[in-house]
Each structure stands twice: as C-alpha cells, then as structure tokens.
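In the part that follows, the structures are each spelled out as structure tokens.
Across the two complexes that follow, subunit A remains constant while its partner is subunit B and subsequently subunit C.
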Partner chain A sequence: MNSLISTALSGVVLMFVGLFVSNRQRIKYFAIALVLVAFVANLLELSTLQGGSQTLFGMLEVSKFGLLFNAVMLGATLLYFLLCGSEFEKVGEHVADYFALIFFILSGIMLASGFSSLLMLFLAIEIISIPQYILAGADKKNLKSNEASLKYFLMGSFSTGILLMGIALIYGASGTFNINELALGTGELHPLTIGGIMLLIFALAFKVSAVPFHFWTPDVYDGSPTVFTAFMATVVKAGGFIAFLRLFHVSFTGGAISQHWLLVLAIIAAATLVLGNLTAVFQQSVKRMLAYSSIAQAGFMLLAVIALNETATQGIILYAAAYSVATIGMFGVLMKVKDYTFEGFNGLARKQPLLALAATIFLFSLAGIPLTAGFFAKYFVLSAVVQQGNLLWLVILAVICAAISVYYYFRVIMAMYFKAGEPEVGVITPAFRTVLIIAIIIVIVLGVYPGVLLQWA
Partner chain B sequence: MPVQYYIFLSIALFCIGIMGVLMRRNAIIIFMCIELMLNAVNLLLVAFSKMWADAGRIDAAAAQIFVFFIMVVAAAEVAVGLAIIVMVYRNTHSVDINILNRLKN
Partner chain C sequence: MLTVLLILIPLVTGLLTFGLKGSGPKVLGLISSLASLAVVLGALFQFRAAPDTLHFAVNWIPQLGSQFNVGLDGMGVMLCLLTAIAFLLVFITIFNRTYENQSSFYGLMLLSQAGLVGVFTAYDALLFYVFWELALIPVYFLCSMWGGEKRVPVTFKFFVYTFAGSLLMLVGIIYLYLQSPDRSFSYATFTSLNLPVKEQSWLFWLLFVAFAIKMPIFPFHTWQPDTYEQSPTPVTMILSGVMVKMGLFGVIRWLLPVLPQGAFMWADVVMVLSVIGIIYASCIAIVQTDFKRLIAYSSIAHIGLMCAAIFANNEQSLQGIQVQMFNHGINIIGLWIVVEIIQSRLNVKNMDELGGIAQVAPRLSIFLVIISLANIALPLTNGFVGEFLMFSGLFQYNMWLMGVAGLGIILAAVYTLNMLQKVIFGESNALTATTTDLQNSEVLALSLIVVVILALGVYPKPMLDLVSSTTELVNKVF
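What follows is the complex of A and B.
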C-alpha cells in the first residue's frame, strides 16, 4: 500500500518538476531518489506486515507475496534508472514526463500484485497499458516509433475490450466481482463462466504477448525507443504475469473449473515456447532477437501460471527478478553499442572487456546456465509443473526450447569473443561500470543462493 | 423483458465491433469500433446489475459503478489514442494503418 501511494504521488510530482527544473541530470537524480523511497517504504511494510495479509475494503489485498513482488519490481526499476537513466534525454525533450509515466506504470503494477476485485484488475491493466502507448511513440518524428505506438494502442485497447467482456460474462454468471467470493470451482459451471474465462485468457495472453497473440510484440519492441523497450520487455511484462497468476490461482482453481482452462493455457504456453525460440534463431538484429526472446521467456513464466502450487509462486518471483535484471542489463549494454546487428558486437571483448563480460553473464542467465539466476528461475518453474503431475510433455518441450535458446544467446557471445572487428561504443562512465558490476553480482548471488530472495515470501 | 435479449444485443454489438477492428483499415474507424465493444460491455453490465438486483443481491449496484469506471478509462484512452493518431497524421498525412508498413520499406 505504501509503495502504491508513493509511486502514484511520485508520478504527479515529477510532472510538475518538469515545469520548474530544466536540468536533466537533476531530474534523473530526483527520479532515482523517488524510486528508492518507494522501495524502502515497501520493504518496511514487508517487514512489519502482521498475519499474512490484510484486506482493504474488499478491493485490494496486501500480502507478503504481493509486497515481495513489488520489491522485486521496484528494485528492477531502480537498476533500470541507474543503468539507462541517462539515455532518456536522447529520446526527446520531456525527460521528466517519461519518468512520470514510468512511475504511473509502476503504480499499476502495485495494483496488479494485490487486486481482489475484478474492477481493480481492469484498472491495473489499464494503468499499466496507457502510459506505454505514449512511451512507445516518444520519438515523435521517427516513423518506426509512430508505427509502434499506433499498433500498440489499437491492439492494446482491442484486448482491453475483450478483457472487459470476459469480466462482464463472469459477473453475469456469479454476481460478484470479488475474486475470493467467485470460487467458481465448487458448483456446476455456467456456460457464461466458461466463455468469460476464455476471453480473460485471450486478453491477458495479449498483454503478456503469448502466442498466438504475440504478433504486435516484435514490431512494437523494435520500433519503440530502445530505452523504453528495455522497460516494457521486463518490468511491465512481469507485471502482466502477476495479474495473470493472481487471478487464476485465487479464483479459477479447484476441481471442475481448472480442467476447462488448463489445457488451453498449456497449449498457449507450448506454442509460445516453440514459436518464440524458433523465430529468435533467425533474427539479424540483437534488439529484435531480444524481443523474440522475451516472447520465449513469457512461455516459461506461463508455466508458473499453469502449475498452480507453492513452488510456482516462488518460481514467478525468482523468474521475474532473474529475467528483469538480466534483460535490463543486456539492454544497457546494447544501448552503448551503436550497431544493433550481430556484426555490431564483433570484437567487443577486446575493446570493452567489462561490457562483454557483463553481456556474457546476462546472456548465460537468460539461457539458464547454472551459477546464474536464470538457472534457478527455470528450475523452480519446471519443478512446479513436474509436481503438478499432468503435463510432463510440456516440461520436456520446455527443456528442449531452453536448449534451442542457447544457440541464439551464444551467437552474441561468439561475436564478442571470437570474431575480429572494430565496434563503435558510446561513452562509458565510471558510474555505469559500477552499476553494471552490481547487476552482475545480483545475477550471480541469486544463481548461487536463491534463498536470499525467497526467504521473504 | 428477459435478460437474454440484452445478452444477445450486447454480444451482437461486441461482434460488430470485433469485425470492424479486424476488417477496417482507417485508424479512426478502428477506434470507433473499439468504443463500440466497450459500450456493448457497458450495456451488458447494466443489464446484469438489474438481473442480480431482482434476484435479491444487495451489492448489485457494483456493476453500474464498474460502468462509470469503464467510461472514465475509455475517455483517458481516447485522449491518448487521438493524440497518437494526430501524431501519425502529421508525419504521413494519412490515417490508413497500412501506410506505415509501406513507408518503412
């Protein structure tokens, strides 16, 4: 609750700061301070929360799990500001507004991790989406950015319509918006309920870009300014998953009802894994490869939604942390390299050893190599599905896809270490180096001892 | 009037909206079709609200409050969406959604 209030207020404050402060460095430091405040406030609430959870007027539920997830998201945003904050001013003039929009997205994610009414789910999804349409089109003169923004807006509001229809049908069948009271699994199923759940699956799959609702993702991620793609592909995507997980784990579990959606979701997850990984193999640009890799990683996170057990909820927190830190770090490195093709990375290890080392470790983590955070994240998610028992074919498919993903991640590493070239690299400040080293340490610590994070849950 | 009539009307409006989004090429018309989808949902929610109120649920007005939230969010979306369409129009002098694909190549 603290973090929700502080992020929403920070957004409003930053919009006004843009009017009075013209020094962009100062705005950046101010934004970093504000996200730090939200992070600390959230940690304080996490450590003092009594009795598991606390409900606010039947609309929001403050739980340990939600607060821990918020902490991960705020931590990832802090890292993102530190690593990419100075790139904001290259996009356009309104730096304070970009920071403000990111704070609004964060407040949407805080809602998504704690909603207990479908009304709050709708508001959370919309608060996350609308600022993203603006961020995607921030580079106003660039046609690719325009296209990304228009496409994202039309597709996004279309899926909002579908989400609302799903909510309305479920309300018609059950007469309540409260996800704890819904308890649809107990009685016999109303046909409206099944229709509603299917529409909700489609709409949420749209938001987290799962196949076959992923077609907007590569264009939008490729067209948006790179610095905002880094945020959309990480924190925002994880925020979509927490809404997905919460809705399905709280209201659509138990006996009769999960039979109806488990198979549909399993097929969506399988298609996401296969298509995301196979298409990523054929990409020529690292930025586009990361867009497809984010689709592939979404497939793994969907496994956590399917598994419906305790290991899965731990897994999604670990996955969100591992994936966000590694991808933000990778985008941080990408933005320092002028040429986004694979050839642009040739010979980077000789010219900038630290940059190449950091990229290697982040890519290891994304591929799920042991001793990096990605390994335990994948391990938790997969073992959750194994415990669930009925979907072993999906686990086997996921492991094969993880093996495929090694190919395209290692192509970047091969280019950096084993090919000769003169890559053009931007200015690298000591502060950037320090943050990069911190990110490497986070990835390795989570990979050796994931309990650091999970002990809080 | 039985509530089924409202359900059929809403679903018909919703489907018209979906077909419009999938088939039209003009960004403004697609946008109008999305609004049609949202209003179909509004109508359905109000009908369900009345249905549950007649069935004796005391919190049935929640659905009507939901409708207000949908209207507010739709207005926010319109503000952002029209700004995006104007931005695209300034750069391309067209609101056809295929023109950007053509211009990129």
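What follows is the complex of A and C.
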C-alpha cells in the first residue's frame, strides 16, 4: 500500500517539478530519491506486515508475496534510473514528464501485484499501458518512434477491449468481480466462463508479448527510444506476468477448471519459446536481438503461470529479479556503444574491459549459466513444471530452447572477446562504473545464494 | 575440511591471479598447484586411515533442500589426485612460455581446476550440476582466446554441445529430486530412490546424453577432434587428461547407483555404440597426418573402451576402468606435452613434415617411446593393468563384443607405432635438424610421467586398493 501511494504521488509531484526545475540533472536525482523512498517504504511494510495478508475494501490485497514482488520491481527501477537515468535527456526536452510516466507505470504494477477485483486488474493493466504508448513515441521527431507509438496504441487498445470483454463474460457467469469469490471450479461450468477465460488469456498474452500475440513487440521495442525499451522489456513485462500469475493462480484453479485453459496456455508458451528463440538467432542488431530474447524469456515466465504451485510463485519472483537486472544492465551497456549491430561490439573487451565483463555476466545470466541469477530463475520455473507432472514435453522443449539461446547471447560475447575492432564507446563515468559493478554483484549473489531473496517469500 | 580446501585453493588463487602482472601468475599457478597436490596427498592418507572423515556439509539453499555437500571416496581421491598432477604438469611444462594476457590465462586455468575438483567431490546433485558447468566456462574462454585459427566456431560448437547435454541432465536431476521423499538432492537420497523400471529407462537417457557428450562416445564425439586440434595445448591436456573423465565419473557416481535398472536395460546399446566408436576412431587415427588429431582420435578409442567396460558392470571391469581413468589421464598428458614441445620448436603439426628427431633430440625421443608404449598398453606400463582388467570384465559380459573391442588394441599399435616412425625415426630434414633437446622443466615434467607409468605398471596394487571401495559400493547397488 505504501508503495502504491508513494509511486502515484511521486508521479504527480514530478509533473509539477518539471515546470519549476529546469536543471535536468536535478530532476534525475530527485526521481532517484523518490524511487528510493518508495522502495524503503515498501520494505518497511514488508517487514512489519502482520499475518499473511490484509484486504482493503475488497479491492486490493496486501500480501507478503505482492510486497516482495513490488520490492523487486522498485529495486529494478532504481537500478534502471541509476544506469540509464542520464539517457533520458537525450530523448527530448520533457525529462520530468518521462520520469513521471515511469512512476505511473510503477503504480500500475503495484496494483497488478495486489488486485483482488477484476476491475482493479483492468485498471492496473490500463495504468501500465497508457504511459507506455506515450513513452514509445517520446522521440517526437523520429518517424520510427512515432510508428512504434501508434502501432502499440492501436494494438494495445484492441487487447484492452478484449480484456474488458473477458471480464464482462466472467462477471456474467459468476456475478462477482472478486477473484477470491469467483469459485469457478466448484459447480457446473458455464459456457460464458470458458469464453471469458480465453479472452483474458489472449489479452494478457498480448501484454506480455507471447506468441502469437507478439507481432507488435519487435517493432515497438526497436522504434522506441532505447532507454524506454529497456524499461518496457523488463519491469513492465514482469508486471504483466504478475497480473497473469495472480489471476490464474487465484481464480482459475481448483476443481476441473484448469483443464480448460492449461493446454491452450501450454501451447502459447511452447510457441513463444520456439519462435522467440529461433527468430532471435537471425537478428543483426543487438537491440532487436534483445527484443526477441525478451519474447523468449516471456515463454519461460509463462511456464511459471502454467505450473500452478508454490515453486512457480517463488520462481516468478526470482525470474523477475534475474531477468530485469540482467536486461537492464545489458541495455545500459548497449547504450554506451554507438553501433547497435553485433559488429559494433567487436573488440570491446580490449577497449572497455569492465563493460565487456559486465555484459558477459548479464548474458550468462540471461542464458541461465550456473552461479548467475538466471540459472536459479530457470531452475525454479522448470522445476515447477516438472512438479506439475503432465507437461514434461514442454520442459524438454524449454531446455532445448535454452540451448538455442546460448547461440545468440554468446554471439555478443564472441564479438567482444574474440574479434578485433575499434568500437565507439560513449563516456563512462565513475558513477556508472560503480552501478555496473553493483549490478554484477547482485547477479552473482542471487546466483550463488538465491535464499537472499527467497527467504522473504 | 581438506575437501573444501581442495576446491578453495584453485578458486581463490585463480581469482587472485587476474590481478597479477609480469611473472606473478606463473609463480602463483605453480604454488597453487603444488599446494593442491599436497592437500590431495594429505586427503589420500586421511582416506586410508579413516575413509569417512572427508565429508563436509552445510545448508546451501534451504528452500530447495540443497546442501553444499562435498566428500571424497576412493574414486574421488584418485581423480582429484589426477587433477592435481595434471595441473602441476601443465604449469611446469609451460613455465618457460609466455602467453599473451598471462594473468587471464592462468586465472581461467585455475578456475577450471576448481570446477573439476568440485565435480569430483560433489555429493549433492544440484552442486554437481553447478560445478559441471563451472568447469566448462573457463575452458570455453581459454580455447576461444588462445586457440588456433578456427578456434571461435569450433569452441562454440563444443560449448553448445555440452551445454545442451547438461541442460537435459538438469531436467533429469529435477525429476529425480521431485521423486525423493524428503525433497533433497543428496547422493544418499538419490541412490535410495528405487524408481519404477519404466521411468528409469527414459531418465537414463536424460542423464546419459550429458555424460556421453562429455566423454565423448560415438555418435556424440564430433566436437572433440576439432576442439583438441584448435585448443592451445595446455588446455587440450586438461580437456583430454581430466575433463573427459567427468563423463565417466558421472556415469559411475550418478548414473549406475541411481538408475541401476535403466543402466541395465540400455547396457547393450551403449556397449555397441562404444565398440563402434573404438573401431571407427582407431581407423580414422590410422590415416591422420595431423599429430594433434591423431591423439584426439586415439583418445576417443580409449574412452570408448572405458565406457563399454563400465556397462559390463562386474567387479573386474569397474576396477579396470577406474585405474584406467587415472592412467589414461597421465599417458595422454604425456603425449600432449611432447606435442607441445615439438610444436613450440618447429611450429608444425603435420607428421609428414617431421622425422629423424631421434638423432637430434634423443632424450625427447626416449620419453615419447615410453609414453607411446604405455598408450598401447604394453605389459609393465600402467596402461596394461587397466586394459587387462577391462577386457577380462568385458569377456565375462560378452565374448564377441570383447573380441571386436580387442581389435582396438591392434589398431592402436598400428597408429601409435606409425606415429613414432614418422615423427622420431627416419631421416631428419632441414626443419627437424634444428630441433633442440629438452630443457630442464620439460625433463622434469616428462620424468614425472614416466615414473608414474612404470611404477603403476609394475606395482598397481595401491591404486587398485584405493578405488576398490567405490567398486564394491557400485557393485552392491547394481
């Protein structure tokens, strides 16, 4: 609750700050301070929370799990501001507005991790989406950025419509918006319910860019200013997953109901894994590769939704943390390199050893190599699906896809370490260095001792 | 505690090495490998006095029930000894060479040593998996940075192959873990699972593919000759001397006791594959002109025999394979040292361009002859003991299979002697006449090897005693 209030307020405050403060550096520091406040407030609430959870007006549920997820998201955003904050001013004039929009997205995510009414779900998804349409088009003079924004807006609006339709059908069948009281599995299943669940799956699959609802992703990620792509591909995507997971784990389980959607979602996950990974292999630009890799990683996170057990919920937290830190870090490195093609990374290890080392560790984590955070993230979701029992084929497929992903992640490593070249690299400040080292430490600590995070869950 | 120390020494020195300059890395590498050897010897004595005192366990990830559980049995001590000796030999041999970016080279070498020792000591399946990968990553960088011309694609192939294999193993481990009543990864839990035969039969392949790729046995071997050829020779020594033993070790430690019925079901298939591998690799070795590729194929043949011997699953073959793991490691490192010496002086790998080295470098030639004879398992060399035991074990399992595998010995004699003839005998040419004989550090490394070859050839009992406890254990479960 603390974090929801503080992020929403921060957004409003920052919009006004933009009017009075013209020094962009100062705005950045102010934003960092605000996100830090939200982070600390959230941690305080997490450590003082009495009992398992508490419900507010039947609309929101404050639970340990939700708070932990919020902490991960706020931590990732903090890292994002520290690493990429100075890139904001290169996008356009309205720096304070960009920061404000990011805070609005965050407040949407805080809603998504705690909604207990379908109306709140709708509100959360919309609050997350609308600022993104604006951010995608933030580079107003760039045609590609405009295209990205328009495309995202049109497609996003459709999916929102579908989401609303799904919610309406579910309401029609059960007569309540409260996800705890839906109790769909107990009695005879109404045809409207199945229709509603399918529409909800499609709408949420669109938001987390799962195949075949992913077509907007590469264009939007590629067209948007890189600094915002970094945020959309990480924190926002994880936010979509938490809504997905929460809805399906709370409302659509128990009794026979999960049989009606499990296979559909399993096929979506399989398609996402295969297509995401195979397409990423053929990319020539690291930025586009990361866009497809984010689709591929979404396939892994979908496994957690399918698995429906305790391991899966732990897994999604770890996955969100591992994936966000590594991808934000990777984008941080990417933005320092002038040329986004694979050739642009040639010889980076010689010129900037720290940058190359950091990128290597982030890529290891994304590929799921042991002793990095990504390994345990993958371990947990795979383990959760094996535990589920009937979907071993999906696990084997996921594992093969993980092996394929090594190909495109290691292409960057090969370019940095084993090829000669003179990459153009932007200025690297000591502060940037420090943050990069902190990110490396987080990835390795989570990889050696994931209990640091899991003990809270 | 000695076991933990064994992992920590190379890990810590390896990390330190990255920060050193000049000849610092070399010296630290040497000191670290000597210290490792001393600790292994300490562990060896402790093992003989009180075998159960070498275990160490603390909670690692309590949420999963995974422990940092390490320990040593007879086979573990033997393989750690091999690892320690191998790294010492490598560091001695290359002491007078300088590598570009030396600190990274030595650092990565030591890190891979830590990974290897971890694999051989892990008694927790998740920990085993982590070390299994950890041993691979430094080797990937070593081969890609200091290797031959085609190093990058070749090493990448190697990496993807092994990574794909180990991911399948991970799925197998997860499945086994979820079947365990107390949700633990420990060796004790895994070996007492007693799964139904049907599950064992498909789980077997999930685990075995990872091991088969690492060994490698036919048809999973295609990464190996290229990688051996393209890697810098010190790394090849580690790869072929120690790292391939990870696969064999994995089968003995984690496959046979955990999935005994699965292993029994598929034993025939695996043995036929292994025997095909022996004959196929030997035939290719005969026609090789490249020195490094010849040894690479010879290694596939030897490993094929060892893999067949494991699945013959009787006491003699298991004894034989364990002894042979050590001996093959020593012998093949010896061969690679010779290759490294010749290559660093003459810069050729093609055996047709060599010849007549015996006249200009007699000491080198004597060493090469002894090591080659051990490689073809002549009596009184260490190779003989292991191969004899393995063949007699195979004979008990299936006479015909043993007969075909036995052809491998003859073929090994053909290509090894052929190699000797081409390299050291005959007329010297303009190039080989310039060869200088061995330097002191090289003499030291090669003499150590020859001492081990002869000592274990004449009196193999200590080694057989050391591994007999593991043999009994595996036999009992089987």
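Here is the rule we use: the second predicted complex is superposed on the first by the 457 of 457 C-alpha atoms of A that agree within 3 Å, B and C clash if a C-alpha of one lies under 4 Å from a C-alpha of the other, contacts with A are read in each partner's own complex, and residues count from 1 in each chain.
Quick note on the criterion: a residue touches a chain if its C-beta (ideal position, glycine included) is under 8 Å from a C-beta of that chain, and two chains touch if they have at least 3 such contacts.
The structure displayed is predicted, hence computed values, not measured ones.
S.K.: Specify the outcome, clash or fit, for subunit B and subunit C once both structures are aligned onto subunit A.
M.R.: They fit side by side.
S.K.: Counting only touches as set out at the top, which of subunit B and subunit C does A:V35 meet: first, second, both, neither?
M.R.: A:V35: touches no partner chain.
S.K.: Between subunit B (first) and subunit C (second), which does A:I440 come into contact with in this model arrangement: first, second, both, or neither?
M.R.: neither
S.K.: If we overlay the two complexes on their shared chain A, which of subunit B and subunit C does A:L119 touch? Say first, second, both or neither.
M.R.: A:L119 sits against subunit B, while subunit C stays out of touch.
S.K.: Touching A:Q314, do we find subunit B (first), subunit C (second), both, or neither?
M.R.: second
S.K.: According to the stated criteria, A:V381 is in contact with first (subunit B), second (subunit C), both, or neither; which is it?
M.R.: In the superposition, A:V381 contacts neither subunit B nor subunit C.
S.K.: Does the superposition put A:F418 against subunit B (first), subunit C (second), both, or neither?
M.R.: second
S.K.: Figure out whether A:I361 sits in contact with subunit B (first) or subunit C (second), or with both, or with neither.
M.R.: Neither partner.
S.K.: Check the superposed model and tell me the shortest C-alpha distance between subunit B and subunit C, rounded to whole Å.
M.R.: For subunit B and subunit C in the superposition, the minimum C-alpha gap reads 34 Å.
S.K.: So subunit A touches subunit B in one structure and subunit C in the other; where do those two contact lists coincide?
M.R.: On subunit A, the subunit B and subunit C contacts do not overlap at all.
S.K.: Hey, which residues of subunit A end up touching subunit C in the complex?
M.R.: These residues of subunit A touch subunit C: 314, 364, 369-371, 375-376, 379, 382-383, 386-387, 392, 395-396, 399-400, 402-403, 406-407, 410, 414, 417-419, 449-451, 454-455.
S.K.: Would you tell me which residues of subunit A are touching subunit B in their complex?
M.R.: Those in contact with subunit B are residues 119, 122-123, 126, 130, 133-134, 137, 140-141, 143-144, 146-147, 149-151, 153-154, 157-158, 160-162, 164-165, 167-169, 171-172, 175-177.
S.K.: For the complex, which residues does subunit B have touching subunit A?
M.R.: 7, 10, 14, 17-18, 21, 27, 30-31, 34, 37-38, 40-41, 44-45, 48, 51-52, 55, 57, 59-60, 62-63, 65-66, 69-70, 73, 76-77, 80-81, 84-85, 87-88, 91-92, 97, 100-101, 103-104
S.K.: Using the touch definition up top, name the residues of subunit C that touch subunit A in the complex.
M.R.: Subunit C residues touching subunit A: 60-63, 129-130, 133-134, 137, 141, 144-145, 151-152, 156, 159-160, 163-164, 167-168, 170-171, 174-175, 177-178.
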